[in-house]
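Two complexes are shown next, each including subunit A; its partner changes from subunit B in the first to subunit C in the second.
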Partner chain A sequence: MTITETMTHRPVRPADRSAEKAAAKLRRAARARTGAIAYHTAGAAIVLFFIAPFVIAGLSSFRNATEGQTAPLPPWPRAGFSVDSYRTLDTFGAGIWQHTVNSALVSLSTVVLTVVVSLLAGYGFSRYRFPFKNTLFVLIIATLMIPFQSILTPLFIILAKLGLNNSLFGLTLVYVTLQLPFSVFMMRNAFDAVPKEIEEAARIDGARDLRLLVRVLLPLVLPGAATVAIFAFLNAWNEFLAALVLLSSNEHYTLPVLMMAVRAGRLGAINWGAVQAGVVVMTVPCLFVFLLLQRYYMRGLMAGAVK
Partner chain B sequence: MNMMAREMIHSGSDVTATSVELVDVRKSFGAVEVIHGIDLTIPEGSFVVFVGPSGCGKSTLLRMIAGLEEVTDGLIAIKGREVTDLDPSERGIAMVFQSYALYPHMTVRDNLAFGLKMARTPAEEIAARVASAAGILKIEHLLDRRPGQLSGGQRQRVAIGRAIVRKPDVFLFDEPLSNLDAELRVSMRIEIARLHRELGNTMIYVTHDQTEAMTLADRIVVLRDGRIEQVGSPREIYQDPDNLFVAGFIGSPRMNMLSGAMEEEGHVRVAGQTLPAPVSAPQGETVTLGIRPEHLRVAGAGENGLPAQVDFSEYLGGTQYLYCTLSDGQAITAEHRAPGAIAAGTLVQLAWDVGEARLFDSQGRRLR
Partner chain C sequence: MTSVVSPIPLAAAPARRNTRRRRRATTGWRGLAYIAPAMLLVLIFFILPVCLTVWMSLHNWPLMGVHKWIGLKNYTRLLSDARFLQALNFTAFYTLVVTIAIFAVAFPLALFVEKQRRFVGFYRTIIFLPVVVGLATASLLWAWLSHVESGFFGPFLKMLGLVERSPNFLATFDTAFLVIVVMVVWKIAGFTMIILLTGLQAIPAELDEAARIDGARRFQRFRHLTLPLMRRTIALALIVSITGSILAFDQFYIMTSGGPQNRMISVVYYIFNQSFVSFNLGYGAALSIVLLAILVVISIGQLKLLKIGEDRP
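Moving on to the complex of A and B:
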C-alpha cells in the first residue's frame, strides 16, 4: 500500500489482508506459548528449590527408630512411615508438648504486647505534637544499632532484680523490648500514610479514642500491624541466645533451647530422627503464621511504594 | 471579654433566623495569629461562601466552626447554642472534605451509616436514612461498593451523602469540587445548589473559585489575611465593593485600577485627562479609579475617551479582550464585543458611563 492510498482514506477490503492477519495471529500464539513454557519452567524450578528443605525435613522425620539413628541420607523413610522420631523427641527435656506451649506462650504474648504498644506509640508519634518528639524517635530507632548480645548481661541483672529471671514473662518482656524499635518505626509510617481527613471525618461522625482507633484506624494500618506481628512472632519463636541465658530450669525452656539439647544428642549419639522431628515442630507454626498474614505483610512492606 | 461576648450570642428562641454566629473568633498557631477577630452572623438556611486568596484562613475558620481546630479566643454558637468547646460530633454539623475522606475499608453503605452507628441509632432508622440519602444523590446502585471502586465524582457524592444522613443543622464544605475535572465541577456545583434548595439547611462553603462563589452563594464572605474584607450578596460584592481588594479579587479579567488625583468639583485626572468622577472628594487627593473591562467601550467618532494603545488582543469568539497601555504607561484591559478585529498598535479611545466607575481613596477604601 502506498502512502497516497493511506492518505485518501480509501477503505481496504478485509479479504485483501486476511491471510496476513492469520499469519500474524499464529506468530503471536507461538510467541505466547514459548513465553508461557519458559515462565512456568522457571517458576517450577524456583518452587522446587524453596520447597525442598521442607520436604526433606518432613519426610526424614517419618523414618522409623533404627533409620533415625543414622544421618538422613537418603532423606525419606525406606521401611515405611512411622512416628518413632516424634516419640523420641518427646523424651527430651520436659516433653515436646511442654516446650511447644512455652514457645507459643512467649511468642504470642510478644506479638500481642508488641502490636499493642507499637500501635499506640506509632499513633502518638504520627499524630501528636510534643517537645523532643523527633529526638525521641531517632533515639528509639538508634537502639537498633546496639547489638543485643552486648546488653544481655545487664538485662539478666535487671530481670534478676525484678525477680523475673527464669520466667517466661521476663523473657517475653525482653523480646518485646528488642522488637519495639522496628515496630514503632513501622507503625509510625503506617499511621503517617493515613490521611488526617479520614480521622477528622470519623471525629465528626462521633468516633473517639478507642473506637476511633479500632473501628477506623486499625483497618487502615492493618498491613503495618501484620508486618509487625509476623516479625515479632518469628523473632520470638526462633530466638535462642536470650532464652538460653535467661532461662535456667528445664521445664521453662523454649523450643530452640530444647533443640540444642536434641542436637547435642545423648551419650555422644545424635538421634537424627528426633532432630528432623524437632525441625518440623519448629517450622510448621512459622509457615502457618506467615501464610495467614502474608497478603497484609506484602502490602505493609510496600506501603507508599505505589500510589 | 468572654462574659460580654457570651451575652452577645442570641438566645435560641428569639432569633430562629440565626444559624451560626462567630464572636471575635481568633486563632493562633504557636505565636502566629492567623485569624484576627472574626465577627459574623449567618442566617438560617443561607448559603454562605468564604472566598479569599490561598492562606487567608478560610479552611481554618471552617475547621473552627466544625470543632476540628481549637478556638484561641472568642465564641462560636450554632442555632443559639454555644459550641466553642464542644466535640465536633455534638455541634450539629457535617463536613465534606476536599479529599472526600471516605473510609476506604467500608462499603458505601457503611460509610453513610458509620456516624449513625456511632450515635447508636436504631437499625431500621439507619437503613431508612441511608436509603433516602442515596436516593437524593442517586447513588443507590453504588451502595455495596468500596470507595476505591468509585470515580471522583461518585466519591464526592458519597461524601455529601455521609453529611446528609447526619441531618445536620449546618453543612460545611471545604473546597469540595477542586479535585474534580472542569466539566464534573460544573455539574456537581449545580447538584449542590439543588441540594441546598431541597434540604434548606444552612451551608458554609469554602472555595477560591470565584465562579463557584458567585453562582452558589446567598452571601459571600471575602477574607484576607485572617480578616473579613466584606460580606454581601454576590451582586453587592461585584457591583458595590467596599475596597480595592474586594474589587480586584472578584471579577475576571480583573477590574482596571487607574491611579489619579481629584481635580475641581466632581472630576478626576487620570493619564493626563480630566474625566468626570463618580463621587466627589477633596481636591488634590490621590485616588484610584476602578472600572471593569466590560464597562469600557471603544468610543465612536466624536465621543470623548481615554486614549489607549492596543498592545494585543484576545479573541474569545463572543467577545474579545483588548490589552492596552495609557499615555502614562498604566495598563488597562477592555472588553470589546463588536465583531471587527482591532490590530495591535491601534490607538483607541476608551469610554465608559461614569456610573459604572468606582472611586477608592489612597488607603484602598471605597469613596461613596
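Moving on to the complex of A and C:
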C-alpha cells in the first residue's frame, strides 16, 4: 500500500514505444495517486487515534461546571468558554499553583543538577586516567539494571536519616541519581567526540581545568547536555511512584500525587472537570518541551537504541 | 618491531619519565574529583539502598518498634504467599499481552513511517506525542475517558447505537484489562516504533534493491531480509517492553486501584502494599529482592541476546 514498486517488464515494439511510454506514465501516476490517497487516509486515522485523547481533554477542560460532568459529546464547550474546571482543581490540596510550583521546582532542579553532575563525570571519564576507572563507569551504568521500585523503602529510610524526608530536595536527589546512568553515558560520549587538539590548544593558551571545561568544552558538548536536560525534565515531571512514597505532607505534593486526591473525589463523587484540567496542566509542559527540543530528544533515544 | 634510534640523549630519559609519571598521578586525582559527585550520589541513593534492602529482607521490620533478625523466613514465606504468586502470575500475563499488543501496533507503524514522503515527519511526531507525557497522566486521562457516564468511550458507543447502555469498562476484569492494554499501546507504541525505525533504516537500501531485482516479493523480502537483519533491534525493543511491563504500577493504581476483586495487583503494586500500606518493611524488602533478581536475570539475558545479534547480523 505504501510503495508502488512493481515495474512490469514487457517487451515493446519500437513503433509503439512512445505511445506505450506515455500510457505507462499515466498509469503509474494514477497508481501513485491512489497509493498516496490510501496512505494519507490511513495516516489521518492513525493521527486521530493518537491525538484525539489530548484534544478531547483539552477542549473538555474549558466547559463549565455542569457540562464538565457530562460526556464530552461534543467535547467543546457549548455553553461558552469557562475556567470552572481549573477553579475546582484549585480547591484541592494546597492549590494548583503551589503544586505546579512544586513540580516545576523538582523538575528544574533535577535538570540543573543532572547536567552539572553528569557534565563533570563525563569529562572525568573521557579525559582522565585514574584507578578503577572502567569499574566505576560500569558500576554507574549497571544501576540501570536495578529497578528503583525495589529500593524505595531504604531510600525512604536514608532520606529520613539525612533529614530529607518529605522534602522536595530529597526527591530531587533521588531523581538525579536515577538519571545518572544515561546522562553520564551521554556526556562521556559527547566529550569523546571532541578532538583532543582543541583542548591542547586551549591549554597552551593558559586555560586550566574548570575554566577550560566551562569556556572551551561546554559549548562543544552543549547538544549532549540538551539531550540530558530534556530527559531529566520529562522523567522528573512525570514520575509518580517515588513521589507518592517519599512525600508525605500535602503542601509538598507534586502534580501527579495531588491528582490522586482529585481522582479519589470527595464524598464518593469525582469532579471530572478537575480531572480534565489536571491532565491538561500535567500534559502541556511535556508536549511543549518535546516539540521545542525534539531534535535533542530523538538523539538521546537513538543513542540509547544503538547502545 | 624495528628499533628506532632515539633522538633524545639516553641520559635525559629517566628524568623525562619521572615528570610524566608525576603528572599522571596528579591527573589521576583530578579525574576522581570530577566523577566524585556522581559516584557519591550513586553510592548513597543506589548502592547503599540495595545493600539495605538485602539486610532488611532478613529481618522482621515493622515501621515502629525494633526489628528482629529472622534469617530467610521472609523468603520462605513468599514462596507460599498466594497473593504474591497471583501478583507474579498477573504481571507475567500482563507483560505477555501488552508486549505482543505493542509490537502488533508498532511494527506496522514503523513500516508506515519508514520511507521519506510527504507528511511522514508529522505522522512520526504525532504518534510519538503520548510517549512524552507521564504514565500517571495517561492513566488519569484514560480513566476519565472510560468512565461510564462522564467519559467518552461508553457514551460514544451508545450514541452510535452500538450498545444499549454505556458499559462500565473499569468495573469488570476483562474490559478494564482491555482498556489498560489499549492505553499502554497508545502511550508506548510510538517509542517502540522509533526504535524499530532505527533498525529498519540501518538496512542498506542496496540489499532490498538486490532482493527485488532477484524477484523476491514484498512479504518474502520482509520475512527473509528485513526480519533477520533487525534481530538486534527487535531484541532491544522486546527487552525494553518486557522490563517496563514487569515494573507496571501507575496504570493499575490509578485506573482500577488494583480492582476488580483485587485481580489487577502487579508485583510492584503488591510490594507497595506490603511496604507502605501494611508496613511489613522486611517482607516488602524480600519481595523487592525477588523482583530485582528477576530483572537482573532478564538484563543479563538481554546482553546475551544482543550479543547473538552481533555475531550473526
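Keep this in mind: the second predicted complex is superposed on the first by the 234 of 307 C-alpha atoms of A that agree within 3 Å, B and C clash if a C-alpha of one lies under 4 Å from a C-alpha of the other, contacts with A are read in each partner's own complex, and residues count from 1 in each chain.
As a working rule, a contact is a pair of C-beta atoms (placed from the backbone, for glycine too) under 8 Å apart; a residue touches a chain by one contact, two chains touch by 3 or more.
Bear in mind the structure is a predicted one, so any value in this text is a computation, not a measurement.
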item: Contact breadth on subunit A, by residue count: subunit C or subunit B; value: C
item: Which of subunit B and subunit C A:Ala57 touches, first, second, both or neither; value: second
item: Touching partner for A:Ala71 - first (subunit B), second (subunit C), both, neither; value: second
item: Subunit B versus subunit C as contact partner of A:Ala19, first or second or both or neither; value: neither
item: Contacts of A:Ala269 with subunit B and subunit C, given as first, second, both or neither; value: neither
item: Touching partner for A:Leu155 - first (subunit B), second (subunit C), both, neither; value: second
item: Contact footprint of subunit B on subunit A as seen in their complex; value: 195, 197-198, 200-208, 211, 215-216, 219-220
item: List of subunit B residues in touch with subunit A within their complex; value: 66-68, 87-89, 93-95, 97-99, 101-105, 114-115, 118-119, 162, 166
item: Subunit C to subunit A touching residues, read off their complex; value: 24, 27-35, 37-39, 41-42, 44-50, 52-53, 56, 109, 111-112, 114-115, 117-119, 122-123, 125-130, 132-137, 140-145, 147, 149-152, 154-156, 159, 186, 190-191, 194-195, 198, 212, 218, 233, 236, 243, 247, 249-250, 254, 268, 271-272, 275-276, 281, 284-285, 288-289, 291-292, 295-296, 299
item: Of all residues in subunit A, those that touch subunit C in their complex; value: 2-3, 5, 36, 39-40, 42-43, 46-47, 49-51, 53-54, 56-57, 69-73, 75, 116-118, 120-121, 123-125, 127-131, 133, 136, 139-140, 143-147, 149-155, 157-158, 173-174, 176-177, 180, 184, 209, 234, 237-241, 245, 256, 259-260, 263, 272, 275-276, 278-279, 282-283, 286-287, 289-291, 294, 297-298, 301-302, 305-306
